[in-house]
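In the two complexes below, chain A is the common chain; its partner is chain B in one and chain C in the other.
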Partner chain A sequence: MSKAQPSAVPSRPKNKSAKKREPFYAVSPRWSDVSPIPLIEGPPGQKDPGPALATIAYSPRYSEAMSYLRAVMAVNEFSRRTLELTEDIIGMNPAHYTVWLYRVKILKALWESEGTRTEDGVMAELDWLEEISERNLKNYQIWHHRQLLVSLLPKLPTTEPEFVAHILSFDSKNYHVWTYRQWLCRRFPDPLLTTEMELQAVDALISEDVRNNSAWNHRYFVCFGADELKAIEAEGGNRKEILAKGGLVVDEDLVEREINYAKDHIAWAPQNPSAWNYLKGVLQRAAISVADMQVFCEGFVGGRHADLMSDSVRSSHALDWLADIYRLTGHFDSSKRCLHALANKWDPVRRKYWDFRAKQVDEEAREDQ
Partner chain B sequence: MALVAGPGIGGSRSSAGTLPAELTLVIDKHVKYIQGLDSRKDELDYWLTEHLRLNGVYWGLTALHLLGHPDALPRDKTLEFVLACQNQDGGFGAAPGHDSHMLYTGSAVQILATIDALTDLEVSQTGGKERIARYIAGLQDPTTGTFAGDEWGETDTRFLYIAFNALSILDMMHLVNVESAVSYIQACANFDGGFGRAPSAETHAGQIFTCLGALSIVRRLDLVDAERLGAWLSDRQLSNGGLNGRPEKLVDVCYSWWVLSSLAMLGKLHWIDAAKLITFILSCQDSEHGGISDMPGDMVDVFHTVFGVAGLSLLGYPGLVEVDPVYCMPKKITQALPYHQA
Partner chain C sequence: MSMSAEGKMQLDRERHVKYWKRCSQLLPEPYTSGEASRMSFGFFIVAALDLLGALETVITPAERQSWIEWIYTCQVPHTGGFRGFTGTILGGMRNPQNWHWDPANLPNTYFALATLVILGDDLGRVKRRECLAWVRRLQRPNGSFGEFLGEDNVVEGADDLRLCLCAVGTMKILQGNEQSIEIDAFRLRQFITNCQSHEGGFGQAPLLEAHSGLNYCAIAALSFLGLLRNPPESIQQVASQAKLDVTGCVRWMLDRQTTWIDGEDEDEDEDSEDDDERGDEDERKEKDFKHDEDEPQKQPLNLSSLRDGLMAQEPAAGAGFCGRCGKMADTCYCFWNVGALAILQQHQLVDIEALRRYLLQHVAHLIGGFGKAPGELPDVLHSYLGLATLAIYNEPGLKEFDPTFCFSKEAVEKMKKASWRLN
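Moving on, here comes the complex of A and B:
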C-alpha cells in the first residue's frame, strides 16, 4: 500500500507481434493458475465450421490472449497482470471495445487497493495512452477512454491542450479529436472559454490551413455554439427555435469582430467554402441580412456591372451570395446573371441546382409585378 | 475502413487502354468477389476485422441482393450465424461471443429482414422480435432522447438512426420516445445547415444521412430546410464526379452514397451530375477480380463495394435492383414492411 510504488504504469510485454505463433501466456508461470476459455465457434452443437463469411479465424497469439481475457473477466479479476493483459490485447486490436471497459474497472480497483491518488493514476494512464493515440488516430475507444479519465479530474491538466494540438498536427480534421476538444471546453470552460486560450488555439489552426472546416466549426463553437448549447440544454428545443426566440444575448462587438475575421479570411482565399459558411452562420446568429454584404461580395466578381463570364470573377461563392442578395433587393435580372454564370462557367457540375435557383427568381419576379 | 481488403485494386482493368467512360459494372465478378471473402480467412486482415463481422455480412448480403443475386450466400447458414451472434440481453455482438452493440444489432435486423427471416425468429424463440426491440429501446437516453451504442454510453446520431431503422423494420417504434429523439436531431443542426454526430459537432455527410434517415422513418422531413441542405450536399461533388463528406476532403465512394441517398430523401437527387458520378464509381471497381475501392487505385473492400453498388442503383444504373435510400436495402423489401403499410 505504499504511495511510493509506481502507480498504474504497466510493464510492456516484450513481443506484441500479432502474427507470432508461439504461446505466451500458456508458458508463463504468472498465468499458470488460470484456465483459458477458448471461444466456441458458431452455435452450440454445430459441427460444421460455420456459415459463409462468418467463421472466425484468429491468429494463435491473439486467440490465446483472448482466451485468458475471458477467463479473468469471468471471475472479475482486477490485478496488475490483468492490466498488462489488456495492454497486450489493445496493442493487437485497439478496436476491441470490451477490453477497454474492463481496463477502466481494473484501473479503479488498483488505485484503490494500492492507495494511488486518482489524479496520479489518471496522469500515468494518460501517458500510456499517448503513444497508442498516435498510432490509432481514427479509433473511438481511445478517445472515449481519455474522456473517461479526464472527467475524473477536478481541474484541466495543463498538458491537455498541448496534447490535443499535438494530435491535430497529424490529422487536423480528425472527428474524434474535435469532439473531445469540445467536450474539454464544456468540462473546463475555465480557463478554456473564459480566457482567450481556445480562441488563440483555433486561430493558429486556421492560420495554418484556412480551409480547415473543422477549425472553422470549432471557432463557431467557441464564439457562439457553447452558449447556444447551454440554452438548448436549459430550455429544450433546438438552435433554430432558440435563435428565433431571441433569448440569446448577441454581443455586438463579438459579432463585428467575427464578421471581420471571416471577411479577412475570405479575402485571403476567396474560393474557400468554410469561411463563407462561417460568415453566413454569424450573420444568422446576429439576425443581420446577407444584403448588407453586397459591396463586399461585389468586390470578388469585378463590381456590379462586370462581365461575370470573365476572369474578373474570383469566387463562385460570391456569385452565389450575390444571386441571393439581388433577388432579395428586387434586382432579378442581376440575380439571374449570377446564376447563369455559375451554371455555365463556374460550377457546371451543379448546373441543375443553379437552374432551379434561376426558376425561383423567375417566380419571385412574376409575383413582384 | 477496410474489411477484408483486397486483393484487387480499384481501377485495374483487364484490357489496358479502356477508357473509364466505357466501363461497365462487372456484376458477376462482384458476386464472386463477395462469395470469395470467406475463403481468405487465413489472412491477418480477416481476424483483425472480427469486430466488424456481422456488419460485413450485412454489407456483402445487401450488395448481392442489389446485384440481383440474392441467393449467392446460403440462407440457412447466414441465419444460423446471425442468431449465434445474439446475446442474452437481446442484442447482437459483432461475432459469436462478443458483447452486444447497436451497430451489430442493427445489421442483424437488416440481415434478418433481407433474408425474410423475421418470422423464423418468432418461431425459434417466443417474442423474438420484441426481445431485440427492447434491447434497442433500452439504449435511448431518457433525458436527451438520443441513443447510445452500448450500455457504456457512446452517443452518436448514427445510433439513433440505426435504432429507428431496426425498430421500424421490427414494427416496434412504439417502444421509444420518438418526439424527444426528433428534437435531439434538431439540436444537432449546425450554423451551416448540416448535421453533426452531436450538438455543435461539425457537419458531416455521414451524419446528415443518419439524421435525414431517422427523420424520414418517422415522416418528419418537414423539419429540415431542404434547399439549404440540398445546396450543401450537392456542393460535395468535385470535378472528377466523386463526392466528398466535408468541404476540402477527398472524394470517396462511401461518401458518394451518403450524400446521394441524402439528396434522394430530400428529392434533390437531380442537383448533381449523375453521369459523372457513375463514371467515378465505375473507375473504383476492380474489373478483373471484382470489388470496389474508396477511390481509384486503392484496395477494394466489401464496405465500399456495397455503397458503390447502392449508389449506382440509386442513379438508375441498368441491371440493378432498386435500393431504398433510407435503409440501404432493396426497396421491395422495405416497402413490404408492416410499419410502412400504416
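Moving on, here comes the complex of A and C:
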C-alpha cells in the first residue's frame, strides 16, 4: 500500500456530472495494487449473454467504483482506503444493502488497529452521517446504520435529540426518523421517558403543526405505547388481547390529561383528523365508551337538534362520531341524519361508505324492534 | 395536464405500452441510486407489459428468454434466494469467506420468482428446497422476517411488514403439493396484528404510525397465509384468527381518499370547468371552515373534501389516495389502499370515478406512465401501481388483476405450470 497518510490524500472527486466520465481508481497510485472485478450480467461462461433485464445507464464513475468495491470485498480488506470507497459508493447508491455492513466492519477494524475508543469512533461516524442524512432523507439504510452505531453507546449522546429535531425540521413527518426516534426512546428510556423530555419535545411539534399526524402517533407511544410494547414482549402476546384483558395498568390521571389535551386541540382545529384519532385511541386504551363524548361532539355541529346541512356544522369528524354514538344509544334516526349529511354535503368522496353505514344502522334498528 | 381534453376519460394504452417498451430497453442513470432493488424494476417492467397484454407482442421470444437467463444469474447458489442486482457478484473470487457480501435478498427473491412466472418460466431451475429453507432461516423470534443473511448467517435488515409479505409470497410461489407451512405462522400472524395502530391502519412495526404501504403488506401477507393453508382459508378467516380490527382498517383506508392534490391549488380555476356551478355558497362555506386559520402551522389547510361537499352530485376534481393521515394524494398510495381493499373485497366503497379521474387526468404523463403527483415525471413504481389500480376496477385494455400476488390473474394461473407441481 502507498505510504500516503489520510491527510495527504487528494480530495476524492465529488459525484458531479463533469467528473462522471473520468476514471479515478484506475489512475490512482493508491489503488494500483487492486484488480477490479468487472460486472457480470449473464450466465457464467457465456460470451454474449443477450440483453439483461432492467439495464440501467450507469455512469462510468459508478461502474468503476463498483468494480473496485467487489475486488476489496472479495479479499475482506478493511482499511482507510476501503472506508473512503464505501463513502463514494454510498453517495451514488445509498440503498446498496451490503456496503453499509461492510463499512461497519471496516470501522470496527480501524478502531481496533488505530486504538480509537468505541465512543469516540461512533461520534466521529455520526458526524460523517449527518451530512449524508440531510441529502438522503428517504433512505432506510442510513437510519439503520445510525441505530447500529448508537446502540454501541452506554448512554444517550446529548447531541442526539438535537440531531433528530434538526432532521425533522426538513421533513417533520419523515417515517424513518420517527421510527428511529421511537427506537431511541426504547434504548434510552432514561432520560427520554422517565423525565418530561420526550413529552415536551412532541408537544412542541404538535404546537408547531397541529396536523402533524406523526407527532400525534409519537405522543401515543410516549404516553401509552412504550408500556404496551413492554407487555407484548414480556408476554409474547397479541396487543389487542392484552388490552382487552386489562393486563395493563391504566393511570387515570394520565388518561384524563390526554383526553383533555386532545379535546383542547380539537376545539382549536375541529376539522383536524389527527386529534380525533388520538382521542379515539386514548378512549380505547382506557376502555371508555365513545358515548361519553356525546356532548363534546354536539358542540361542533350546533347542538342536538341542529340542521346538519347548515353552517352550524364545524367538523365532519364530530358528525361521524355522533353517528356512532346515536347508534349505540339507540337513536337510530339521529344517527342516520349525521350519515346523510356526511354523504350528501360534508364528505361526498366517501358517500358510498356513509350510505353503507346508514344501511347498517337500518339493520340494527330492525333487530332492535 | 389532462391529456384527453374532450372529457373522454380512458386509458391511452398505446402510450403506456411505448413507455414500458422504452423502460425495458434502458433505464436512465438516476435509477442507479435504487439499483439494489433492480429486480423490482424488472418485475414492474415485465408485469406492466403483461397487464397491458403487450409482453408477447412488443418483446421478442429471444429477449424474454434472455431476461429469464439474467434472473437465474441472480440466484445465489448456496441459499437458493435471489440477489437484487448483479453488482455484488464476485465471479471467480466468490468463496465462503466473502459470500456474505453477495447475499440473496428477500424482497428481490419474491420479485425474481414472480417475474419468472409472468415470463412463462416453469421455475425448473429454482433451487426450491434451499430457497424455502433460507426463507425459514430469515424468521425472527418475534415472528417477523429479516431481509438477508449476513456473516455467520446473522439475520440482517429491518423487521417490518414488507419483509413479512415477501416471505409468505415467496413461500406461496414455491409451495408444492405436499407442503405444510414450516414457518412459525402463529407468531407471524401475531406480529402482523400487533402492527395495527390505534388509527386502524398498520404501521411498520408495533406502535408506529399507520401507513398505507405497510398496511397493504399486512393485509396481503395475511391473505398469503390463508392461501398457504391446505385447503386455503379466506382472508376473513385469517383476519378473525389474527383478531384483526377489519372494520377499523377498512375505514382507515377509505379515509385516505383525498381531493388534496399537490401543485393544483393555484391553477384550480383553470382546469375546473364546473367552477361557475360552485357559486358564492362554496366560498362562504370555505370561509366558515377556516375559523381555525389563525393557528400556527406550516401545512396548507386540507379543506378540499369539505369544499367539494357542495358539488356532491358531480364531483369535478379527481380524488387520489394518500399514505398517511394529513398527507397529499400520491399515485402509489392509490394502489396500496385500493389493493388492500380489494383483498378484503371492499374496494367498491371507493369513489371510483374520482379515482379514475385522478389517475387518468392528473397524473398520467404525456410520455406514458404515471407520475407520483401532477407534473412529475413517470417512474416504474408509480407507473405500474397506477395501472394496477385501474386493473382492479377492470379498466378496458388491461388484464384482470390479482391484488394479493400483485400481478395479472392470468400469470397467477401460470404458476400451476411450475415443474414440481406437474409431478
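By our rule, the second predicted complex is superposed on the first by the 338 of 369 C-alpha atoms of A that agree within 3 Å, B and C clash if a C-alpha of one lies under 4 Å from a C-alpha of the other, contacts with A are read in each partner's own complex, and residues count from 1 in each chain.
In this text, a residue touches a chain if its C-beta (ideal position, glycine included) is under 8 Å from a C-beta of that chain, and two chains touch if they have at least 3 such contacts.
Predicted, not measured: the structure shown is a model, and the values here were computed from it.
Enquirer: Do chain B and chain C fit side by side on chain A after the overlay, or clash?
Expert: The answer is clash.
Enquirer: Quick one: is A:Gly281 in contact with chain B, with chain C, with both, or with neither? Answer first, second, both or neither.
Expert: both
Enquirer: Looking at chain A, does chain C or chain B touch more of its residues?
Expert: Between chain B and chain C, C touches the greater number of residues in chain A.
Enquirer: Would you check which partner chain A:Met73 touches, where first means chain B only, second means chain C only, and both and neither mean what they say?
Expert: The answer is second: A:Met73 touches chain C but not chain B.
Enquirer: Return first, second, both or neither, reflecting whether A:Phe170 touches chain B, chain C, both chains, or no partner chain.
Expert: It touches nothing on chain B or chain C.
Enquirer: Per the contact definition in the header, classify A:Tyr220: touching chain B only (first), chain C only (second), both, or neither.
Expert: So A:Tyr220 meets both chain B and chain C here.
Enquirer: Counting contacts the way the document defines them, which residues of chain A are shared by the two interfaces, the one with chain B and the one with chain C?
Expert: On chain A, the overlap between the chain B and chain C contacts is residues 39-43, 46, 50-59, 62, 70, 93, 95-98, 101, 140, 144, 173, 175, 178-179, 182, 211-214, 217-218, 220-221, 225-226, 228-229, 232, 236-240, 273-274, 277-278, 280-281, 284-285, 349-353, 356.
Enquirer: Taking the complex as given, what residues does chain C use to touch chain A?
Expert: Against chain A, chain C makes touches at 23, 25-29, 31-39, 41-42, 45-46, 62-63, 65-67, 69-73, 84, 86-91, 93-94, 97-98, 100-103, 105, 115, 142, 147-148, 150-151, 156-158, 190, 193-194, 196-199, 203-211, 243, 245, 251, 254-255, 257-259, 284-285, 288-289, 291-292, 295-299, 301-303, 305-306, 308-310, 312, 315, 319, 324-327, 348-351, 354.
Enquirer: Could you please specify the touching residues of chain A with respect to chain C in the complex?
Expert: 37-44, 46, 49-59, 62, 66, 70-71, 73-76, 92-98, 101-102, 105, 140, 144, 172-173, 175, 178-179, 182, 207-214, 217-218, 220-221, 225-226, 228-229, 232-233, 236-241, 268-274, 277-278, 280-281, 284-285, 311, 314, 316, 343-353, 356
Enquirer: Of all residues in chain A, which touch chain B in the complex?
Expert: On the chain A side, the touching residues are 18-19, 39-43, 46, 50-59, 62, 70, 93, 95-98, 101, 140, 144, 173, 175, 178-179, 182, 211-214, 217-218, 220-221, 224-226, 228-229, 232, 236-240, 273-274, 277-278, 280-282, 284-285, 349-353, 356.
Enquirer: Please name which positions on chain B make contact with chain A in the complex.
Expert: Touch list, chain B to chain A: 35, 37-38, 41-42, 44, 46-48, 50-51, 53, 56-57, 60, 73-74, 76-78, 80-81, 83-84, 95-99, 101, 150, 152, 154, 183, 186-187, 189-192, 196-204, 230-231, 234-235, 237-239, 241, 246-249, 268, 270-273, 276.
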